[in-house]
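Pasting the structures in now, so scroll down.
One chain, chain A, links the two complexes that follow: it is found with chain B in the first and with chain C in the second.
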Partner chain A sequence: MKVFIDPPNSLVLFDLVERFGHEPLSSMAAIQERIDKLEIDMPPMNVTIDDVIKGLKYAGIEVPSGVRGRLALWGPLIDEAEAAIIMDDAPFAFGCVGCERTQSMVKYLLKRRGIPVLHVEYPDTDDEAKNFVIQAKEFLEGLK
Partner chain B sequence: MIKIAQLSCGTEYSSVQYEIEKAARSVGAKVVYPDVSAADINAAVERFGFRPRSPQLKLMIARAIQLADGLYDADAVFITTCFRCAEGALVRNELRRFIQENTRLPVVTYSFTERLKASQLLTRMEALVTIVSRKELLAREKQSGITVGLDSGSSTTKAVVMVDNEIVGKDWTPSGDVIQSATYVLENALAEAGIKLSEVEAMGTTGYGRYSLGKHFKAKLVQEELTVNSKGAVWLADRQHGEATIIDIGGMDNKAITVRDGVPDNFTMGGICAGASGRFLEMTSKRLKIEVTELGELADRGDWRNAKMNSYCSVFGIQDLVTSLGDGKSFEDVAAAACHSVAEQVYEQQLQEIDVRHPIIQVGGTSLISGLVTAVGEVLGEKPIVPPNSQYIGAVGGALLSSGFM
Partner chain C sequence: MSEDRETRLLMISPGSELTPDQLARMVHSMSPSVTVKETCYGCLVEGPREVVREARDRIREMYPNEVFSKVRAYPAGDPRRCRAQHGTRPGFAQLESEWEFLSKVQHGLECVERGEGPVQMEKEEKLPVDRFKKICEANR
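For the complex of A and B:
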């Protein structure tokens, strides 16, 4: 199944989803697709003005361009997701979307989709880390 | 009294709350605030799924849930937040969607600045009140008897004479003096119909000059253009049942209205920027030294991609146009770029605040500019329906609805 991960650039979540036999929907894929293009119109990530306009599908014109540009990347992934894992209050180094407003909207859009979603807390101890992996494993295995 | 539930953030601190209430009072409505228990707010936010940082936005969400659950009685909903607040804009639009999905209440959204005056909200509030208080009238699908509709718009004034559900006379003229322009088109429309003014059984007026015309001609219906135009559009397009989106790119402002069985349930009105209105196309035509009626056909022969024109302002838009012409771009490409620019701005500025429903019906004088209809179709990915006499929607709506007063 296609599993959206949030934060969308979390390598840990990406690895867990892939390890348990699912397809992670992540920033890495969305950005890779752009930078692999022969022509880079808008370095470094090739998010062009057309992308920002496409973001209007997810947020109105009054919403800042940075939010719409981000949603242009992650919105289509959310649209095709069949499940999602969200880490609430993840620290910066774990991965982030760089914008609190986008973060709120990503979570909201996932809720609107009505797909199975696992919310996990960022682990501060070894035991919490083990528990986090167990939770993710059970959720991902349950999707099969 | 019609109760309009206000879901808002920032109005009290922006010096606009009084203006909102004044606008509602002036159309016979009252602004109300759904009661919410402090203990329920967090649960409401959790249920809604969007967790804003601002507590007042959380209160907005909780109030919306009271309405959705039928725990608070209101007739219509006004959702408003500060202009340029990202979080506010996100919540405002999603709450609008939530209310529409969970209730049958008509909704209007608005982002305000401290300059907001009651007059700016008047048409919107009046439309909300009309939708609620004149349900039976708005359900009218056929015109009967001999009636007249007068539409006093910012650019043109239109008159239509209808007899037993058929248009028998019509005329339009550029707007000048409100009464004189209307008298002129009325006389011509009556002459075409072969009907005397004394034989007219009812008259309906709409548009900016509706009050003056209503008083002068003793009209039985004096109504804002959002509901009147909707009725006219679905009658002309023969889409009285089901859903549709009506797009009216006007001379001074634009309207995007979603309707269900011919009755609006959500609408946006924009008019801040002339670059996104018919006025810009008039300016373009003038610069190209052609009539605005020729612009559409010219645009259809061009490709907008060949000429840069994406300014949000008519002044800068004309600068782009002059630059493009200076660079040797063809008139056809420049005309196409002007049409595309208007369509794109209407899409970006306005259509984000409604959920576009199909089919799309494009009306108003600008719907006769084929290049603009093509551009709207390209931007929206669906060719709009342009009904016959599409420039007469307001007058037709006025004639249709006023027959309900006979």
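For the complex of A and C:
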């Protein structure tokens, strides 16, 4: 099954989803699609005006362009997803490398899709990490 | 995603005794058709998708809980991202953050392998208003 991961570029979630036999939907795949295109329309990242228009499907025109840009990449992945794992309060999803508004929109879009979603807390201790792995394993094995 | 090329990032957990040099040599010896770039956290493996996935599976068989992987959008040494060519590396802060967290995940995976159950965690409760009031008035 196709499982959307949030944060969409998380190494740990990507690895766990693959390890337990599913296909992770990550932002790396969406970016690679743009990079591997032979025609480079908008160097260096090849983000075109079409992407901006795509973003409008997921967020209104009054929403900041950064949020719309992110959703132009992640929105189609959410549409494609059959399940999702969300890591709540991941420190790297906050601040200059993340975007809290986009996180909220992603959670809303996933809820609206009505697919099975697992919310896990970012683990700070060994015991929390153990619970996190057990939860992820049970969820992913249950999807089969 | 493109069907022919896959670049995969292999990261070694801080709880492992494996070194990036050993990992890179091991991947290189597995298949001559992949490009391997040794990095500070592990290595980058690039090549045809099937071959890269085969290498990942073999590494996972040998080090099931010590080496973690994810795909990378940009090719290894891409001038838009490679530090050697003054490219920006915006994802590195996250990689560093996740690297610190990998030893805990490794511990979790080892516990799951042993068949251990979840740990009951004490839930932090909110401070009752009466108690908060007493604390505020304690030194009045």
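Basically, the second predicted complex is superposed on the first by the 132 of 144 C-alpha atoms of A that agree within 3 Å, B and C clash if a C-alpha of one lies under 4 Å from a C-alpha of the other, contacts with A are read in each partner's own complex, and residues count from 1 in each chain.
As a working rule, a residue touches a chain if its C-beta (ideal position, glycine included) is under 8 Å from a C-beta of that chain, and two chains touch if they have at least 3 such contacts.
Bear in mind the structure is a predicted one, so any value in this text is a computation, not a measurement.
> Quick check on the superposed pair: does A:A59 touch chain B, chain C, both, or neither? Answer first, second, both or neither.
Only chain B; A:A59 stays clear of chain C.
> Once chain A of both complexes is superposed, is A:S104 in touch with chain B (first), chain C (second), both, or neither?
first
> Return first, second, both or neither, reflecting whether A:P91 touches chain B, chain C, both chains, or no partner chain.
After superposing on A, A:P91 lies in contact with chain C but is clear of chain B.
> In the overlaid three-chain picture, which partner chain does A:R112 touch, first (chain B) or second (chain C), both, or neither?
Once the two structures are laid over each other on A, A:R112 reaches chain B alone.
> More residues of chain A in touch with chain C or with chain B?
Residues of chain A touched, chain B against chain C: more for C.
> Which partner does A:V67 contact after superposing on A: first (chain B), second (chain C), both, neither?
first
> Would you tell me which residues of chain A are touching chain B in their complex?
Touch list, chain A to chain B: 53, 56, 59-64, 67, 100-101, 104-105, 107-108, 111-112.
> For the complex, give me every residue of chain A touching chain C.
Where chain A meets chain C, its residues are 7, 9-12, 14-16, 18-19, 26-33, 35-36, 44-45, 91-92, 97, 123, 125-135, 137.
> Which bits of chain C are touching chain A when the two form their complex?
1-2, 5, 9, 11, 60, 68-75, 78, 80, 90-91, 93-95, 97-98, 101-102, 104-105, 107-109, 111-112, 116-119, 121
> Residue numbers of chain B touching chain A in their complex, please.
Contacts found on chain B: 48-53, 83-84, 86-87, 89-90, 93-94, 111, 347-349, 352-353.
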